[in-house]
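Going by the order they are written in, the chains are A, B and C; count residues from 1 in each one.
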Amino acid sequence: MERPRHQGMAKNTCMRWRLPLVCLLWEVAMIVLFGVFVRFGPEADAHWEEEKHQMNLTSDIENDFYFRYPSFQDVHVMIFVGFGFLMTFLKRYGFGAVGFNFLLAAFGIQWALLMQGWFHSFQNGKILIGVENLINADFCVGSVCVAFGAILGKTSPIQLLVMTLFQVTLFAVNEYILLNLLHVKDAGGSMTIHTFGAYFGLTVTRVLYRPNLEQSKDKQGSVYHSDLFAMIGTLYLWMYWPSFNSAISEHGDAQHRAAINTYCSLAACVLTTMAFSSMLQKKGKLDMVSREPRALEQCFVSLQHTPGPLSKRDGAREEPSREQGNKAPLPWLCTTFLHQGRSLPEAILTISILCRFIKAFDFTGSYKTRTPSVQGGFQAAGIFVSLLMAFAGGALVGAILKLPIWGDAADENC
Amino acid sequence: MERPRHQGMAKNTCMRWRLPLVCLLWEVAMIVLFGVFVRFGPEADAHWEEEKHQMNLTSDIENDFYFRYPSFQDVHVMIFVGFGFLMTFLKRYGFGAVGFNFLLAAFGIQWALLMQGWFHSFQNGKILIGVENLINADFCVGSVCVAFGAILGKTSPIQLLVMTLFQVTLFAVNEYILLNLLHVKDAGGSMTIHTFGAYFGLTVTRVLYRPNLEQSKDKQGSVYHSDLFAMIGTLYLWMYWPSFNSAISEHGDAQHRAAINTYCSLAACVLTTMAFSSMLQKKGKLDMVSREPRALEQCFVSLQHTPGPLSKRDGAREEPSREQGNKAPLPWLCTTFLHQGRSLPEAILTISILCRFIKAFDFTGSYKTRTPSVQGGFQAAGIFVSLLMAFAGGALVGAILKLPIWGDAADENC
Amino acid sequence: MERPRHQGMAKNTCMRWRLPLVCLLWEVAMIVLFGVFVRFGPEADAHWEEEKHQMNLTSDIENDFYFRYPSFQDVHVMIFVGFGFLMTFLKRYGFGAVGFNFLLAAFGIQWALLMQGWFHSFQNGKILIGVENLINADFCVGSVCVAFGAILGKTSPIQLLVMTLFQVTLFAVNEYILLNLLHVKDAGGSMTIHTFGAYFGLTVTRVLYRPNLEQSKDKQGSVYHSDLFAMIGTLYLWMYWPSFNSAISEHGDAQHRAAINTYCSLAACVLTTMAFSSMLQKKGKLDMVSREPRALEQCFVSLQHTPGPLSKRDGAREEPSREQGNKAPLPWLCTTFLHQGRSLPEAILTISILCRFIKAFDFTGSYKTRTPSVQGGFQAAGIFVSLLMAFAGGALVGAILKLPIWGDAADENC
């Protein structure tokens, strides 16, 4: 908050009008597009009574709303409080982290409703939305929040909005390729949300890397209370993960199972992460927590990205690589690796894990003939498409963000 | 916390016994009244099995509890964490804000259960309560919390309790007039909760205005961490707003629709509010957030009071007037306008907005003959009744609070 | 965080490997036990469709998941955010409290799933789990969190893990004796969770008492922001208590009733607690909150342990004894009494309260013949068994924790 202001001012004299203009123009565009395209889905529409008769439902409680709404609110809290407060660990950046996360997520969910709607809920020229669309929009924005963690503190709000616009678009395309063309199984969004989001953010950060920022390491520290605020974010991401993974599972046993699996898997992860975290600590003594609060926090941070519907036995697969992030020589790595360090091993592991899972799926319709090993190939293809989209898309968006029109922050302020 | 104590002590020597006495006497009164009047409603009563047969329900899941409980808990969090932490932005007043909010809300919900019960759930001399009554009691207390925002830091806990007692009473009367006599449509409580609460609080503050407080402006500042705490409140109010608006909608599509509408509308509001907030900032440069954390917070604060079930297109109607609050010359305006500055334009807008909505309502029974324009007139009447109740009631309650028996805080402590 | 490090280091040289080793070994044991014993229950299994036909259910919404999941997530938040942040009031111990609470709770729920499963959900050599098991595991861990409050800041993480292992085991045994052998009614877990947890923690602390800690009282203070963090915990425990009490009630009216009862009872408790808190304050003046933030917090802390499904009329039974904790001469009492001071009177009250309640229960099957007074005897027996288990178990576990192998914290660090 006490940053030197002169250069920032000199560089961005017309900033006063740029952010409001971008926000208002985009919001007007959203409102027009919503007016033209978006309508209530059959379960939210006033004709629900007829729908109920047609679908032979006996009670209002069988509206999809009651199957999904509690999970939706939990996911909503994860995006805004979970990711928002997770980023508050930098002592100078608490307010900005929560506020910018709020701004980009609020914009992102609108654009995601439209993009995902065009791909998945488009009927007779209209997008029909229901509670499941809201959850999917939140998921999509979750991927942007992961990427936001990588460029934390290095960008202006306009750059964030531009990145959100492009990332949501690429997310929807990637999701369409994986789910509708390759017919990949991606419960919990390991590929579409986590792998894509992490490498996208990493690539953007690499492109935006400015060597002058080497010396600003002092601004990357944390203070005691900023760590406690970050714990709020960490805990909410951890606690509501069962809702995240079960939110759009099929009604009944599938939702039930996803929640139980995630609950057990997450509990196991806490112990293994603590173990590795304490082991890799230089002075990994007894009260590493009180002496090195960051250590514990890091392990929690990495923990949140545990992919979802893993069986109990996969809980122990946390790997030490993430810890290295701390000693990365380049500033652009610092905030990045903290979040992304575990994505590559994750990608590799995902193949084997998902292949094991396939046995549990019943392929029906035209995919009935897929053997587990054929499906395994499609899963691997899904990962490589996600990585490709992340790297190519990230490089492109990074280049766009480097254009001098977005009013990026002066070096001293980063 | 380090306030000078002497005068406060001199003034309130018998305070030690006054607050406990008021709390205990009122609680005893509540317990007696609950014992005499309150009984479980048919869906919470042990005779639910018979009820189920009578209503031809096939499963326990059709109990109203399962339709409303998740939304109820979200509303509960909004009242106690949302409003409580929202008020922590004053650096000296974080603990008091959360604690007093807790005290007044806990008292208010008991009295609201009784008052609203007498008006709306009274059968054979008993108030029959269910989960819907709990939600309505929380709504009513929400209106008190809005008013509490206006007098923050200027009153003693006893004064707050007295204000709560009167405001809840007036709220229930106003609600009865609007909903049962005028048959006004007030989903989301724009009139009964927000307009009434805001102007009631504003009027009470005006009456309690003490010129000596002009010089205590230094106590109205915020610090970095107090702003982050306020963000917790802000985010919870924002995130759970869909639950707030859909909590007591009709089962099925109506609840579904209210949640979707609010979700989209709120997302739109974030962008427009950010735009106006940044535009009105004197040095509205790029990183207004890091340089002027208050700016962002204000826009969030004003955001929360966005009335609910508006269509997407109304998202852009945030108006700049609220920002002026900051420069208001009188101390009593400072904390007030922050919350209430947008209520008058809101009131005016509400008429036009609601009239548009009416087309979507099917009037049944004896109100079937009401044309949209007749209903529009009733809506306008509803607003004026609410304003009248707020001004007259606020003036009366303000005068009562000025009586020297409540042990108000000494000037230096405000 | 700025504790002197030398002695801690000298004492615990091999700590670097001990905590990781314990965590990993135990997690491996958990994974093996889960692999051998744990399977999905019928409502979470892929054979749910057949189950549905057998049980004559018409819709997926009648899966137990939809009856219990929202309450489960609320209880989950209570354990991790509620208890975690509740303990942050000590100025030096915020991060440790939240982090250690996270560690022990994550370990505890795995062990509780197994222990409670063996006693209550064991069929054909397998433990069948569903959402109700998750809730029960969280309840069991709640008891450990209560005990953790008593030894806050005096133990190493390994000691906490060992204590958790034993306490969960004893909890399951005690629960089995009370519910399955004595057929005691213990809605809300007054005996199994609160009484047992509190006295267990108290006994462990007494055994671990070290006279040298007398002079470390300065570390037991709180600061302004640590109190606000503690308020987060307090509020979440308070707000979600209706979910805690209704989470495993029977479907339909029973769940509905438990939530309403808890809501009303808790609201009443706020007023009476404030009254006694303010009365017992030496300078219990008007703004005791701003002058003595601890006072308010204490009353909230004690408030949380209000047992659940009491009728409105029991709201006023908060007793002043808890307040004395503050002036207790021995350090081991300081953190303990804060949480446990009210347990004995609670235990005594519980008998009379529960006896009153029994009239509302219909005894069926082989317990039909129990008269209220016979049942009253069994209730009293339940309390004494709980106390016995707490004292004997606590003494044993305390003695185990005193063994020099766990690397306990050096005196100066406590």
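In the analysis below, a contact is a pair of C-beta atoms (placed from the backbone, for glycine too) under 8 Å apart; a residue touches a chain by one contact, two chains touch by 3 or more.
Computed from a predicted structure; not experimentally measured.
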Quiz prompt | Classification of the chain B:chain C interface as same or different, half of numbers criterion | solution = different
Quiz item: For the two copies chain A and chain B, what is the rotation angle that overlays their Cα atoms, in steps of 5 degrees?
Solution: 120
Quiz item: Just how far, in Å, is the C-alpha centre of chain C from the one of chain B?
Solution: 33
Exercise. Provide the list of chain A residues touching at least two other chains, using ranges where the numbers run on.
Key: 58-59, 61, 66, 70, 225, 232
Quiz prompt | Parts of chain B lying in touch with chain A, wherever the complex brings them together | solution = 57-59, 61-62, 66-67, 70-71, 74, 224-225, 227-228, 231-232, 235-236, 238-240, 242-243, 251-253, 255-257, 259-260, 263-264, 266-268, 270-272, 274-276, 278-279, 281, 283-291, 293, 296, 300, 312-313, 315-316, 360
Practice problem: Please give the residue numbers of chain B that touch chain C in the complex, ascending. | Solution: 1, 3, 5, 8-9, 12, 15-17, 19-21, 23-24, 26-28, 30-31, 34-35, 38, 40, 43-49, 52, 58-61, 63-66, 69-70, 73, 76-77, 80-81, 84, 88, 92-96, 98-100, 102-103, 106-107, 109-110, 113, 129-131, 134, 156-158, 225, 229, 232, 407, 409, 413
